[in-house]
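Both complexes below contain subunit A, partnered by subunit B and then by subunit C.
== the complex of A and B ==
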């Protein structure tokens, strides 16, 4: 059984859709990095998994359940940390933890205690008196200490300094992924995604643009640099098989193909009869900019 | 620049809650004051007892601003980071505090003036006109400026006053001083208004001299500094296990965000419960209030539930059943309302009202037997009913349309119109005694004890009066029937229906701002229903006692059916409220948390 599954799910907030007919499933133990520009629908997708939003059409299943109808059952099995998440700021750290302990079955006291020590959290200080990073650490502690089957991190490290961010994410991974917990996280930090994720889903133009293993992305995508004066335009490049996007950068057209660089180069030179075409693999950040940064 | 800072200040940006409480409370107090003025045949609020409480009503906004109006934020981090002199930030806070208080006082004044205008237009009694309102506002305005100055003088170089130790005590002190100062100003001659003005001047000069070069944002500036060492954290850490009830209370408080608003309105819920119980409160022996405040009660209950649902997003990710949240939102405040109602009923049981419910009026135009309106009968058509005694004497009964222009009248089955014979009057009193007190008294005995014929043949009561309740210890007011299930059930039903419709607004794409607009539209609708009732009375389209008599009479008739009537009323109420509850629950389950 999939940990969660989207079947032709659409969802919007007004007339249009933010997500349109998206389908995919996630297996146990996968670490999914969710990418997309601001407003692409990452948080909407996460809220659909949490049952906090209902799909306009299609079906969302989490642990085989409807997260809207079986909201409590589903949320009990999920750990959730979001950038804009508000903890009850009038409570002390220990009280927030105690409250979550009551809400979530399977709470692991030793893990909570271990994290308090590791993060050096002051148990008797109120949430409102903590720094941003400390508050995020409390949220993470609450999200992982019941050993959830699915951990969802929505821009969890936004606003944290690089060291705190790394500590935060690595703690999440180490604590849970080794026990088979599935992790879904969204982030703008490509480095974090490359380091953590085993699979990447990129959302763009309301659609699932890329859904692939990270290794496959590194080896299976390439950037073609085509001279603009070679008599080829963007539409011609886009019409070729496996082309994801193409646009002009000064004297060159940049086109991303779902092919390895060698195959891509041979194929393009043959198809377009331009010998000066160059192809190379591209990093995640570069691919994100090429894909998400294009004019849509 | 200072004007821009004032307009963007947190105090100005967070006026909604103080405004809500101010409007509700001022309207309520005005209801009571005008009612008392009308009862006491008063002519002007300034001449009567109402002037003092009215001035304290104007002080309420100041207290609200201090308690929940972000008075403790002198400036935020981003403002402290702007290339501005500290003096400007200090002035912005002082002026924002003063102008917010003045704005709410002005809103109260407009409400007062509106009530005054309504009174003048519809019943011809201008208890207070614009000049009166202005005079009532002078002292509270002086006190509010003093309060603002007292807040401004406290640690003038600190940005986050609310995070300073001692803020809570100092704020309480300012409130106490404000109340005391107004008390003094009310009794002292107007020349003493100069005292607060001088005080404000001194405070301003002193504070400006004490300002540092930069605003201190300590308190939340370096929260991480005092982090404990791992070992000490481990030593301090003890897992505590609160009950699930405590957890839900925490969630409730998270929803309420600032529980002072909620707590400040709770006494109103209790007060309205008392009023709905029919108990004589605040010296107003006026049973009509039960029905006249039907919509106002729902207004209060909705204000204390609907306003906070916008914070749903704060707890939506937690595994807590929405049904539980709804229960915790609605049940406590309904409980406070029912507590007031129960207290009223208990007081009535321990200290029953023993006034005569059957009186005989010897006066000219209002001559005849009078009973409480709940004993009036209803007729669906406009035909005048006839009261016929067993021996054939018949008189047309006085009638009053339930609502002008609509069919249906309320008629007085125990009336004794001019020309009634002594036997007829005795027969009517006997019937009324049976209906009102449950006592069977022979008409001849009534005739012998209480009645006489005047020389002109007119029937009248003897000098000792018609003292049935005093003369017959067994005379007890009969139960008015299943009032609680119908009156309170009706209010809860309406509340749940409104909540169900309100939750429907929580749909994809809705923002907190739009939800607040809808909230205020509903509140405005309920207030319009409340005020609309008064306007109907003032225009003479219906009358207080007719509304009261119509509803309570029908409830009383239901009670006269015996247990079946009560069971039917309770079952009907439970069914309606539970259906409405289920609908509200369904709407709440489908509701999506709004985005900011």
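== the complex of A and C ==
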């Protein structure tokens, strides 16, 4: 059974769709990196999994259940840190932890204690007196200490310094190691995505633009550089099979193809009869900019 | 050469170290090379350079994944491919060990390492349309600048 599943799910606010007919399923132990520009619909997708939003069309299942109709059963098994996590700021750290301990079965006291020490959290300080980073660490502690089957992190790196980001990463990996937890996280930090994700889903123009094993992306995509004076235009590049995007950068056209660089180079040179075309592999960050930064 | 990072130069405490306190693994998520390949290359390099010897145990996937900050499946993938290539050996219920490669085999592997490395330079030679004779001359010059046994280029 899939940990969660989207079947032709659409959802918007007001007239248009933010997400349009999105389908995919996630298996146990997968780590999904969710990418997209600001406003692409990453948080909407996460809210649909959490049952905080209902789909306009289609169906969302989490652990085979409807996350809105069986909200308690589903949430019990999920750990969630929101992008703008709000904890009751009049409570002390130890009171927030005690409250979560009451809410979740299977709370692991030794894990919670270990994280308090690791994050160096002051148990008697009120939430409102914590730094932003510390507040997020309390939220993370509460999200993982019941050893959830599914951990959802919306922009976990947002506003954190590199050391605190690293702790988020290490805590998630520990949970993955020890509990086999499935993880869904959105991030703009490509380094974190490269380290953590086993699979990448990129949302663009309301659609799932890319949904692929991370290693397949790194080895199966290439950037073609075509001199602008070679008599080939963007339309022509886009019309070739497996082209994801093409646009002009000064004297060159940049085009991304779902082919390894060698094959890409050979077939483009042959197809377009331009010997000066060059192809190379591209990192995730570069790919994101080529794809998402294009004019739509 | 960053596959061995001297102690103290890397803030990632707790990384596995060799007995002489050198770190074995290092991951650069931005290099464009998949992380499982980076790990495979580092194991191969460590064997070729003698840092890892036949019979040496590799760190467990769990113990490596947290300090490296890498998905354990990625490490598992690297290890599995190295077992498949008969570079590592799996023994039931025990840590993975470096396979017993003969001396000739190790010499071959060293050349394989160099070949892989040089491929990038060759690609650059073609891209920049550098004359082959010039490229070879430059390689000889760089070799002449260092003594055998010396590590690293001046």
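A few remarks follow.
What we mean here is this: the second predicted complex is superposed on the first by the 293 of 296 C-alpha atoms of A that agree within 3 Å, B and C clash if a C-alpha of one lies under 4 Å from a C-alpha of the other, contacts with A are read in each partner's own complex, and residues count from 1 in each chain.
Convention: a residue touches a chain if its C-beta (ideal position, glycine included) is under 8 Å from a C-beta of that chain, and two chains touch if they have at least 3 such contacts.
What you are looking at is a predicted structure, and each value in this text was computed from that prediction instead of being measured.
In the superposition on chain A, A:109 contacts subunit B only, with no contact to subunit C. In the superposed model, A:218 lies in contact with subunit C only, and not with subunit B. Of the two partner chains, subunit B is the only one that A:90 touches; subunit C does not reach it.
When the two complexes are superposed, the chain touching more residues of subunit A, out of subunit B and subunit C, is B. Of the two partner chains placed by superposition, only subunit B is touched by A:71; subunit C is not.
With both structures placed on the common chain, the touch criterion links A:285 to subunit C but leaves subunit B unconnected. Contacts of A:179 after superposition on the shared chain: neither subunit B nor subunit C is touched.
Applying the stated contact rule after C-alpha superposition, one finds that A:124 touches subunit B and leaves subunit C untouched.
When the shared chain is aligned, subunit B comes close enough to touch A:134, but subunit C does not. No residue of subunit A is contacted both by subunit B in one complex and by subunit C in the other.
Of all residues in subunit B, only 220, 223-224, 226-230, 233-234, 236-244, 246-247, 250, 253-254, 314, 316-322, 508-509, 590, 592-593, 595 touch subunit A in the complex they form. Looking at the complex, you find that subunit A touches subunit C at residues 29, 31, 166, 169-170, 173-174, 176-177, 190-192, 194-198, 214-215, 218-219, 278, 281-283, 285.
Listing the residues of subunit C that touch subunit A in their complex gives 27, 29-36, 62, 65-67, 69-74, 77, 127. Remark: subunit A residues 11-14, 50, 52-54, 56, 71-76, 80, 82, 85-86, 88, 90-91, 94-95, 97-99, 101-104, 109, 112-113, 116-118, 120-125, 128-131, 133-134 touch subunit B in the complex.
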